[in-house]
Each structure stands twice: as structure tokens, then as C-alpha cells.
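Going in written order, the chains are labelled A, B, C and D, and every chain counts its residues from 1.
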Amino acid sequence: MTTRPVAARRDEFRHFIALSTRWSDNDAYGHVNNAIYHHYFDAAVNRVLIEGGALDPVNSLEIGLVVESTCSWFSSLKYPDDVEIGMRVERIGQSSVTYRLGAFAPSAASCAALALYTHVYVNRQTNRPVKVPEAVRRILAPLQP
Amino acid sequence: MTTRPVAARRDEFRHFIALSTRWSDNDAYGHVNNAIYHHYFDAAVNRVLIEGGALDPVNSLEIGLVVESTCSWFSSLKYPDDVEIGMRVERIGQSSVTYRLGAFAPSAASCAALALYTHVYVNRQTNRPVKVPEAVRRILAPLQP
Amino acid sequence: MTTRPVAARRDEFRHFIALSTRWSDNDAYGHVNNAIYHHYFDAAVNRVLIEGGALDPVNSLEIGLVVESTCSWFSSLKYPDDVEIGMRVERIGQSSVTYRLGAFAPSAASCAALALYTHVYVNRQTNRPVKVPEAVRRILAPLQP
Amino acid sequence: MTTRPVAARRDEFRHFIALSTRWSDNDAYGHVNNAIYHHYFDAAVNRVLIEGGALDPVNSLEIGLVVESTCSWFSSLKYPDDVEIGMRVERIGQSSVTYRLGAFAPSAASCAALALYTHVYVNRQTNRPVKVPEAVRRILAPLQP
């Protein structure tokens, strides 16, 4: 937290997911509450994995759990505007994947919020780390910088 | 609650709003939790009012508060599929508006959930009922059956 | 929706569950958003079932799905005040249970919101209705009027 | 994100807030979703400020916006168990306050999740930074290590 990151531009991401916002995303201050951005990030990352056939939330034996996340905010988003989540895979390790995620207002050149977000893959029954599944690696390879 | 309603078809609605779902919408049973449908309905109704210029959530003096809602479920929705909210204005009274709302899976002919949802317009400072604002009536007129 | 219900008093319920509210429960109007009450109701009902040993959300083969709910609002709740959910079992049928639920501000004599909420029990794998499990009936018997 | 933090013990915090969990906090993996922890942290921090008279979410001219947060997870929490949020004020600057926050299962000696969370105080109308209000400093002084 010593050097504050700067707002990333669109060309720093490899893939975008458009999401709609909700009335209840805006808090008493009239803009999207900070916790809601994490719902957006989860929605974007898991959608890429599920739609790519690399994750079945009910049946997959190997699942990614968030073990670390950081987020910095530069401006606000506001319902009813849509939000676009920019994604880039920062690092694929033995059993972990780190994503760089930006939340953009529809026509904004730079992001309102920038996050790093790390999944560790575990066996769902034992909760022990496992290797990042091959299907996940295949989906994520094109999202690397 | 004596006669259970039947799932409405798409042609029973006058307007549709497409919304994205989120990872956290699915509960421990792997489908969208019942409470989340109410977030979808709020998101759809207020978006029509805000984008039509009939509501400014931070500044409007006259606002609609939900005083009654009912919802019946016929099937499930599931993240990461999108959801489409069908809307029809059932009744515009002196100070209240009742909406009929259906939540549809993308290609479904009939809705997964069907709701009635009543806003009473109040003065935001006194909390006393007021007439449904003219701007709201104008936006909603074309959504009547 | 023809006769509007009246706010129920505390003695109309058989059991109370105290819940805390959250910053994000308050919407742009500065009070708890209507959809959030359904999260409170779910939190209260399932907690009674789980703590009573009648439901294991991950492993139970027979689970209750909400198929119908109605809610009427009489006043507002507001974070950071706690909320107390009054419960009464209205009816236990072959495969369904209907709850009457009231959301009370801490010292309020009558509820801010009153709901009916019906679970249908289904086999989690086939999604077909099953009899209300004996363990559920045992837990709920003392909550009947 | 280079050195992974370790789970903090209870004596590293100065104040605890007990919160209830909700059915919808558990995701498809049957434990509390990562985004929900941020709702807990917001609920705890703002409650201390509001109950201490240092913040009125609807009327205060000077409000704290989250500009940075980090969170690390060490184990899971699960509805219907309660959660206790440990708080410590890490730093009070000119216009910002950084909190250290731990989310504990009821009887756990060390936290399931550990966060840093920074509010910047701004004028609600101009959105420009202001000094941390005196009332906020007074409430937070006893929460410093």
C-alpha cells in the first residue's frame, strides 16, 4: 500500500465482460458501494471459466478459492450505468492464478477501480492445493499480456 | 395465495430489460437465490424511470417506495446465464403504481418467476403520499396492457 | 393484493431471531432496500432449520425451495440498527411449509414488514416434490400458532 | 502481494463487532463468498462511526470513501455461524484513515480473513479531500494500537 497504483487504460487488458448494475449496488452516497466491485470481479472471472468449460460450480472437483485481493478506487460508478470489467491474467503459478481486473464506466478511457485477485486451486473435498487444472490454463493462456 | 398463478409468457409483457447475473446470485443450491429476484426487479423498474428522466435517486423530491410485492417461482435461473425482466404496468392509481414483472431465462418462452410489485409515491422529506408524478405517468403509459 | 394487511404485533409470532444490518442494506434513500428483507427472512428461517439439525445445505438430499412469497411494508428499517425477525409456522402441508415472518425494529411493537413465504420440499437431484421431512416437522411443530 | 500476511490473533485488535451471517452469504461452494467479507468490514467500521456520532450517512457533509483495500483469506466462514470483526486503527493521516480488520469465526483464536482498508474523507458535494473530521478522530483514537 506504499505506492498508490494509477488507473489503468483499456489497452492494458486482454478481455472485457459487460455487466449490468443494480439499484441496490448504489449505497447511501448514491454510487456503487466498494464491496459490490468484488461481486463484479467474481462475476467476470468465473463467467469466463464456466463459459469456457473449465469450471462447473456444482460438480468440479478442483475449484479456485480467492486467497488474496487488493483494490484501488480512482472514481465512482453509478447504477443504472453498465460496467465493463477488463481482465488480464497476471501470473499462472503451480496452484494459483492472479488476475488484474479493471472496472470501467461505459465510455471511460481509464478504470474507476483496479484490482489484483488471486485464486488458489484446491480439491473441493480435502481443501488441499492442487495444480491449476489444464482446462483452466487453456482458457487463460490468451488472456496473458 | 389461494390460487397459484401460472408462468406468464413473453407476450404478456410490454418491455424487456436484459440483466447480467453474478456468481454470488447462486446460493448453496447452485441456482439464483429467491431474494436476488427482487434485486433484478428493482434494477429493471428504476432503470426505466431513471433513463426516462422520471427519477433522480439522489435529488428527486418525490420517490416511489415498495409497499407490497408478491412473487411466485416456476423454475430456476442460474449464473452465468443472463436474465430478462419483462415489465407491464398493471395499474396507475392516485399515488401508487403496480407493475407485473417476469424473470425469464434467455430463450425461455415462459417466466421462471412472476411478481407484482407496488410503489407508493411519497415526499422524500415528509414521507407522506403524493400523486404519481406526471413524468412517471408519461414514461409508464406505453407499458400498460 | 386487494385487502392490504396490517402490521403484526410481536405476540403474533412464536420465535424471534435477531440479525445485524449492513451498510450496504441501506439504499440511495437511506433505508433498508426492499430486496434485503428477503435476505433477512431466508437468514432466519434456514438458521432455525440448520441449528435444529433439520437441514444441511451442502448435503441434505431433501431441500426447501421458496415457491411463493408476499411482503407488505408499513415503515422502514435502517442500518446500523439491528432487526428482529418474528416467525410463525402458518401451515405444514404434504410437501410445503408456509411461514409468517415479521421484521421488527429493536423496540417496535409492530412490524415494519410482514411476509408469507412458502417452501416446497424437493429431492435435490430430481427436483421433484417430496414429503416435508420428519426432522423439519419436529423443529417446526412448536412454531405453530 | 509478495509476502503473504499471516492470520492475526484476537489480541492484535482493539475492538470487536459481532455480526450475523445470511443464507445468501454462502456461495455455490457452501461457504461465505469473498465479496461478502467487504460487506462485513463496511458494516463494522461505519457502525462504530455512526453509533459514536461521527457520521450521519444521509446528512454528513464530510464522508469517508474507500480508496484502497486488501484482503487475505486463511480459512472459511460459514452461515449460519456469526462472525466477529476485529478492528484496529492503523493510521490516521491528514485526510485518510487506515483500518486493520480481521474476520473471526466465533471461537477462533486467529482470523479467517485479514484486511487493510483506507477511507479518504471528502466533501460530499465537491468530492474534494478534506481533513479527517474531529469527531472521527475522537472516536478512533482509542482504537489505535
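The rule is short, and it goes like this: a contact is a pair of C-beta atoms (placed from the backbone, for glycine too) under 8 Å apart; a residue touches a chain by one contact, two chains touch by 3 or more.
Small disclaimer: the values here were computed from a predicted structure and weren't measured.
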item: Set of chains adjacent to subunit C and to subunit D; value: A, B
item: Classification of the subunit A:subunit D interface as same or different, half of numbers criterion; value: same
item: Chain whose mean Cα position lies farthest from subunit C; value: A
item: Between subunit D and subunit B, distance of the C-alpha-averaged centres to the nearest whole Å; value: 33
item: Gap in Å, rounded to a whole number, between the CA centres of subunit D and subunit A; value: 21
item: Rounded Å distance between subunit A and subunit B, as computed from the means of their C-alpha atoms; value: 28
item: Where subunit B touches two or more other chains, by residue; value: 23-24, 26, 28, 30, 33, 35-36, 39, 42, 57-58
item: Graph class of chain-chain contacts, one of line, ring, star, complete, other; value: complete
item: Subunit C residues within the subunit D interface of the complex; value: 18-24, 26, 30, 39-40, 42-43, 46-47, 50-51, 57-58, 79-80
item: Touching residues (chain side subunit A, partner subunit C) in the complex; value: 23-24, 26-28, 30, 33, 35-36
item: Subunit C to subunit B touching residues, read off their complex; value: 1, 4, 28-29, 33-36, 38-39, 41-42, 57-58, 63, 65-73, 98, 116, 118, 124
